[in-house]
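Here come two complexes built around subunit A, the first alongside subunit B, the second alongside subunit C.
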Partner chain A sequence: MNWTDLDNWIVITGILSALSCALLGNFMVLRRLSMMGDAISHAVLPGLAAAFLISGSRDSITMFFGAAVVGILTAVFTDLIHRLGKVEESASMGVVFTTLFAVGLIMIVKGADAVDLDPGCVLYGAIELVPLDTKTVFNIPVPRAVIVLTTVFVLNALFVIFFYKELKISSFDPELATTVGANALWMHFILMTLVAVTTVASFESVGSILVIAMLIVPPATAWLITDRLRTMILISLLIAELSAVLGHVGALKLPNFIGYEDTSTAGMIAVASGALFFITLFFGPKHGIVIKSVERFWTLLRISREDILGLLYRLGELKNVNDLQVNSDLFRKVTGYGKGMYFSAIISLKLDKKICVDNGNFKLTDRGKRMAKSLIRSHRLWEAYLHKYLNLPIDHLHFSAERFEHVTDSKMQKQLLLKTELPTQDPHGKDIPE
Partner chain B sequence: MNKILLNIYSQLPERTDLMRVLLLKDYNTRLVIVGVMLLGLAGGIIGTFMLLRKRSLMGDAVSHATLPGIAIAFMIMVANGGDGKFLPGLLSGAFLSGITGMGLILLITQTSHLKEDAALGIVLSVFFGIGVSILGIIQKMSKGSAAGLESFIYGKTASMLTRDAYLIAGTAMIIVVLCLFLFKEFSILCFDQDYAGTQGWPTVRLDIAMMLLVVSVTVIGLQSVGLILIIAIMVIPAASARFWTDSLFRMVIIAAVIGAASGLFGAILSALFEKLPAGAIIVLVSSFIFSVSLFFGYSRGLCIRYFMSWKLEKKVSRQHLLRSICEGIENFDKNLLDTQLKKCSQRPGITLDYLLSDRSWSKRKLLKLLAEAISDDLVYRGADDKYHFTEDGFVEAKRIVRNHRLWETYLIFYAELAPGKVDRDADQIEHVLGHSMVDRLERLLLSEQPDSVLLPSPHPLADEK
Partner chain C sequence: MNGIHNVENVSKIPVLVHDLTVAYQHKPVLWDIDFEVEEGQVIGIIGPNGAGKSTLIKAILGLVPKTSGRILIYGEIYKKQRSLVGYVPQRESVDWDFPVNALDVVSMGLYGKIGWCKPVTKHYKNLAMFAMERVGMADYAHRQISQLSGGQQQRIFLARALAQDAQIYFMDEPFVGVDAATEKAIVTILHDLKSKGKTVLIVHHTLQTVKQYFDSLIMLNMRIVATGLTKNVFTQENLHKTYGGRLTLLEEAVQAYTREARIHE
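Moving on, here comes the complex of A and B:
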C-alpha cells in the first residue's frame, strides 16, 4: 500500500462529508426521520440534472440551488400528501422520492449527450478523483471538494450551535416547541434544506449512498452508547471520522487479502460505519446485546441459586419426607428454568461453600443456611404483608412472594416486619425463621 | 426551441415500430411486457398489505440489501468458471442477502431502542455500501465482465432474455396465488396483530411469510425496475388504491390493477423509446395514476372530500339562515309563529338589518344565502322589503329550530350546562342530528308536546337578554 498525498486528501474529504452528515443526522434519527435522508438524497437527482441542463456546467452554485430547491420540495410534497391526502407518512415519502428519482434518471439519460453526468456518479461518487480537481488557496493546491465540504460543515456546525436549544426541544416534543415559540415546522424545513445542501456537496465526492450511511449510522451508533444529546453528537462525530479513516484504509487493504488491488472508498466508508454500528450493537457498554445477555444470565443465576437454597431449606423443614431430593426435575418444576441454569447454580453454590454433598444428597452448610433463612424470612414476611394489606387469598400469595423475595434487602425486611406487626408465622401457618 | 422539438421528433418511434410493439408481434417484447405486468400485479397486492401495516419503506431497505448478494453470486459464478450473468444464480444471491437484511432490521429493532426508521436506514446504506465495494473489486477482476450488473441498480428490460422473463412471470404468478391463498390471514395481521395472536393465528410465521413475499417481489423486480425504484412498485399502486375504496378486498384488486397497468404501459413505452430506463418509466406511469387518484379518488380523493365539506358547509349555512329568520320572527311576537295562522302571507317578516346583526356573517354572504334560499322557494321577499317564509320554508325552519332546542334542553338537563352556554354547543350538533337521534331526544325530553307547535326556547333569545 502506498499512502500518498492523494490519500490524505481523500481521507480529509471523507471525514468532512461524514462530519457534515452525522451532525445533522442526530436530529433526523431522534425525530424518526432517518428515511427522509434516504428520500432527499435520492430525490435531489432531478434538481442536479435540471441545474446541469440549464447551466450546462458543473458549476457549484447552480447545483446547490437546484438540489436545495428539490430537497425542500421533497419535504414539502411528503408533508402535503401526508396531510391532505391522508397517506401514511412513510408511504408518501416513498411515492415522492421514487417519482423524483425517476424523473431525474430520465432527464439524465435524455440529456446525457449534453452533459457528462451519470447516475452512478450520483450514487457512489468518485472520491478517488477528488484530489485531481484543485484550487489554490494560500499557495497550496486544495481540492475543490474539500473547500465546498468545509463550507458546508461550518454552515451545519453554526446551525447546530446557534439553534441547539430549538433543535433539541423540537426533536423531543414538536408541539411543546411550537408553543414556546421555537417553530417546529420551520426547524423541520431548515433541517431538510441543510440535508439537501449537504447531500449535494457530498454527492460528487462520496455519492448519495454514503450520505445516507453517514446521516444515519454514526448517530444511531452514538445513541446506543449514550442517552445524552450533547454526548451523542460528539460520539457520532467521532464515529463518522473513524469510519472515514477506516473506510479508506479498508478500501486499499482489504481487497489485498483476496488478491485484488483496491475498491470503492465510498462503499467501504459505509461498510466501516456499519461494522462500528454492529460492534456497538453487540458489545456496547450499556445497551449492547452481549452485556445485556450477561446481565440477564447473572440475574437468572442469582435467582436460581436463591431458589435452590430455598428449596433445600424447605425440604429440611419437612422432616418426615426423606425421599424428596433436589434435582434438575424438581428445580424445573419449581422455577421453570432448564438444566443448564440448574447446574450453573449448583456449581457456583458449591464453589461458594453454601452447599455440600452428604450421602449423595445436597445439604446446606452453615453459611448456606444463614442465607436460606434470610430468604425464606423475606418470602414469608411478604406473604404475611400481601395477605394483610392486599387481601390476597391464601393460595395466591406464594407466586408473588416468590418474585419479591429476590429483591428484598434487610432494610425492607425490617419495614415489612413492622407493617405486619412482628408475626411469627406466615398465613400458611409456617414458622418465619429468625 | 425548434431544435429541441426536432430532437424530440427524431426520437419518436417509427410507425412500424409502434405497431409492432402495440400489437405484441415481437415474441420477446410480449414476454417482457407480460412479465413486468405480472410483477406490477404482485407488487400491488403485497404492497397493499405493507401499506396497511405501515411498513411501506421496508421494501426499500430490502431492495438495497440485495446488492451484495448479486455481487457475491457473480463472483462465485465467475470463480466456478461461469460467465456470472446467469439470472437464477444472481437472483438467489439477491434473495439470500435480502433476507439477511430483513433479519438484521428485526434484530436491531428487537434488541435496541432504535426505531424502525433508523434500522431501515442502517441496513439500506451499509448493505449498499458492501455491494458497491464488492462491485468495485469485480470491476478490477480479470475474468468476467461486470457491465451487466449495473442494470440491477437502474433496471433494464432490454437485457432480459426469454428464460429470464419466464422466471419473473412464473415467480410473480406464485406470489399472487400465495397472497390470495393467505388473504384472510394477511388481512387480520394488518388490522390487529395482537388480536390475531390471541385467536390462535400463528402471527410470527405469517409475518415471516409476508416478509418472504416482499423479498421475492423485490428480487424478481430487480432486473426490470432496478433496486432503487423497485420500492415504488410496492408503494405507489397501494397508496393510489387507498383513495378509491375503504374495503380491503377491493383495495387489493385496485392496487393489483394499477400495478399491472403501470407495468404494461411502462414496458410498452420503454420498448418504444429504447434509451429510457424501464424502471423510471414504470414508476412515472404509476406516479401519474397516483396523482389522478389523489385528486379524483372516489372515496378519499381530494375532490370528493372538498365536495363533501362544501356540501356540508352549504347545508349548515342554510340551516343557520332559516333558524335566524325563524327566531327573529319569534322574538318579534311569539304567537305569530303559531301554525293557527295558516296563510303564510299573514306571517310577519324580518328585515335584513336584523339578520345581519344576529350572526357574525358578512353582508355579502348573507345576501348570497338569502338569494339561494329564495331560489329554492323557502323564503320570499315581501312588499314590505322584509323576508318571509314560504310554507315549505316554514316547515323546514321549524324542524331545524326544534332540533336546536331539543339539543339545548338535553344539554341543560343531562350535561347540566348553564342555559346561557348551550346555544353555541347546540349550534354545532344540530346539523348532524339524524332521525333516530331526534326521536330519542323527543322521547327523553318531551312527554306530550304536539309536533305542530314550535318548541319554546329553553333560554331567553338574544334580544330579550
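Moving on, here comes the complex of A and C:
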C-alpha cells in the first residue's frame, strides 16, 4: 500500500474536521452538553435534506443555512419541551433529535431518485471520496471539503479566541455571566449554531454518527490530563490531530496485519481517539489508574518498611538486647503482612542497608537503628501530645500515634517536643529515644 | 412606603421593588412584593424554605422573568446599572471541577469592566489578586478550585464580587457550610463594605445570628411579612407570621389566577 497524494488530502480533511469539532467540543463537555452534540449532528439532517432538495446541489451555502436553522431549532425545542412540557431534559432531547433525524431520513430516501445524496454517506461519511471532488485554488486542485472545513475551522478558531472569556464565564457560571452582561443564553445558542455548522461540514468525512466522537472524545481526554482551560483546549487539538493521522494510517495498515482489506478511515479515527482516551485514563499523569496504583503501592511499602524497623527496635528494647537477632520466619508471622508486601519491604530494607541478614536472622544496622529511633521517638512524642492535649485514655493513644508517626518530619517533631515540654518518657512509661 | 417618590429621591435608593410578582409554572413564588432599602446597610432576607428568598434576588438581577412589577437600582432599571451590582450566588450553583484556578474565578468578576472580546490584562489580574488578599486567599490564587475547601470556595466567590467593586451586593446564603475562619472573614468584609457606604442584601437562614449581622430585615414568605430595622421587626409575632406556614387560601387563588391568565394570553 503506497502513500499517495490522495492519502494526504484524506488526512488533511480528517485533521481539519477533528480540529473544528474538538475546538467547540471542549465547551460542550464542560457544559455537560456532550449528548447535545450528538442530538444536533443527527437533527440537522432534515435541514440538510430540505436545502439539498430545494437547491439541488451539495455545493450550496443554503445547505449550511438549512443545517444551522435546524441545529438551533433542536436546542430551542429541547429547551421548550423540557420547560413547558415538564419533560426531563435528556428525554426531551431524545424525542426532538430522533424525530428530526427520522424526518430527514425519509426526505432523503424519498428524494434519492432525483438527487445523489446517499443515506449511507450521511451516516458514515465518505472521506475516501473527498479528494475526487476538487476545485482549483491558486492553480492547485483542492478538494471541496478541505475548502469548506478550512473555513469552518477558521470561523471556530476566531470564535473561541475572541469570545474565550465569555465562553469561559458562561460555561462556568451562567448566572454571573448574565448579570455582568455576557448573556449566557445567547452564548449557548451561538455555540449550538456553530456546532450545527461544524457537524454539517464534517458530515462528508465522518458522517453524522461518528462526529460525536470528534466533538467529545478529544476534549474529554484532555480534561483527564490538565485542569487549566487553555491547556485543555490545546491538548484536545493535539489529540484530535493525532487521532486523524493515526486513524488513516490505521485504516490502511492495521487490517493488513490480520489479513483483511483496508477499512474505513472514519471508523478508525473514532477508534484511535477512543484508544487515546483509554490510554490516558490508565496512564494519565493526574488521574491515571496506573499512576494511582503505583503511588498507593509506594505509600504502603514505605509504611511497611517503617513498621518493620519499628517492630525490630521494640523487640530489642523489650528483651533489653542491643543487637537483637530475630528469626525471619517467626518475624513474618509477627508482622502479619501478606507475602508480597512483606518480602518487598524486607528486600528494599536490605538494599538500603537498614537491616542485615545473618543465618536466617534479622538485625538492625546502625542506619536502620537511627531511622527506627526517630520513628519510635515520633510515635511516643505523639502519645505524649495526645495524652496531654486531647485527654485520651492510655489505651487509646497507640492507634493514632501509629498513624501519625509515618507523616511526622523533623519540623513537626520539634514542635511536638515544645508542646509536650521535652518529656523523657511516653505516657506508658517507655523511654523516648534520643 | 407607598411607592410615590419624586425622581430625585428614587435615584438615591439603592434598591426599590414595587409590585413585584414572580410565578413559575402556575405556582406563585413571590406575590406583590414592595420594599426599598437604605444605602449603607447590611440587610438580611429571611424566611422558611421555599419562601422565595433566592428568587427575590434573582428577579432583581433579571435572572428569572417577573410576571409583573418594577425594580429600580438607584432609580434606573437593572440593565443600565449592571456595573453598580455585585452578585455572590450559592456555592452549589457551579461545577467546582471546572478547569480553572481561583484567580481565574475572581477575575470573572471583572469581565463586565473589561468588556467583550478583550483579554484579561495584567492590570485586571492585579485587581483580582487584591480582592483575593482582602479575603485572605492570595496564597491560593493558583490552586485548581476543586482543591479548595467549602469555606475557601465561598471566599473566592466573595473575592469575585469584591473585584466587581459594586455599590450594591447580593449574596445568596454565603454563610452556609463555611468554617469559623470564613465566617469571620465574611463578617469583616461586611463591616468594611458598610463603612464605605455600600449596601448588602443577604439571603440568610440561621435565625441565631440575625441580630448580630443585619441592620435591617426583609421577612419573606411569598409575600412581605415585615421590613424595617432589625430591632423593630425581629419580633416573636413577625417570626410566627413568617415561619408559621403559608397562606394557603392566597396560594390557591394565585394558582387559579395564573392558570387563567395563561389561557387568556
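Assume the second predicted complex is superposed on the first by the 390 of 434 C-alpha atoms of A that agree within 3 Å, B and C clash if a C-alpha of one lies under 4 Å from a C-alpha of the other, contacts with A are read in each partner's own complex, and residues count from 1 in each chain.
Everything that follows uses one rule, which is that contacts are C-beta pairs under 8 Å (C-beta built on N, C-alpha and C of every residue); 3 or more make two chains touch, one makes a residue touch a chain.
Model, not experiment: these values are computed from the prediction.
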Overlay on subunit A: subunit C relative to subunit B, clash or fit: clash
Subunit B versus subunit C as contact partner of A:K86, first or second or both or neither: both
First (subunit B), second (subunit C), both or neither touched by A:F362: neither
Of subunit C and subunit B, partner touching more subunit A residues: B
Touched partner set for A:F27, first subunit B, second subunit C, both or neither: neither
Partner chain(s) touched by A:T99 [first = subunit B, second = subunit C, both, neither]: first
Which of subunit B and subunit C A:K165 touches, first, second, both or neither: second
Which superposed partner A:L229 touches (first subunit B, second subunit C, both, neither): second
First (subunit B), second (subunit C), both or neither touched by A:H42: first
Subunit B versus subunit C as contact partner of A:T178, first or second or both or neither: second
Among 91-99, 163-171 or 415-423 on subunit B, the segment whose C-alpha atoms clash with subunit C after superposition: 415-423
Subunit B/subunit C common contact set on subunit A: 32, 86, 223
Contacting residues of subunit A [partner subunit C, same complex]: 30, 32, 86, 162-166, 168-169, 171-173, 175-182, 223, 226-229, 231-232
Interface residues, subunit B side, partner subunit A - complex: 51, 54-57, 60, 107-108, 111-115, 117-118, 120-122, 124-137, 140-141, 150, 153-154, 228-229, 231-232, 235-236, 238-239, 242-243, 275-277, 279-281, 283-284, 287, 290, 294, 300, 302
Sites on subunit A touched by subunit B in the complex: 29, 32-35, 37-38, 42, 81, 84-88, 90-95, 98-99, 101-103, 105-106, 109-110, 119-120, 123-124, 209-210, 212-213, 215-217, 220, 223-224, 251, 255, 258, 260-264, 266-271, 273-274, 277, 281, 287, 289, 292
Subunit C residues touching subunit A - in the complex, by the definition given at the top: 25, 58, 61-63, 82, 85, 87, 89, 93-95, 98-101, 104-105, 108-109, 111-112, 114, 116-120, 144, 146, 160, 164
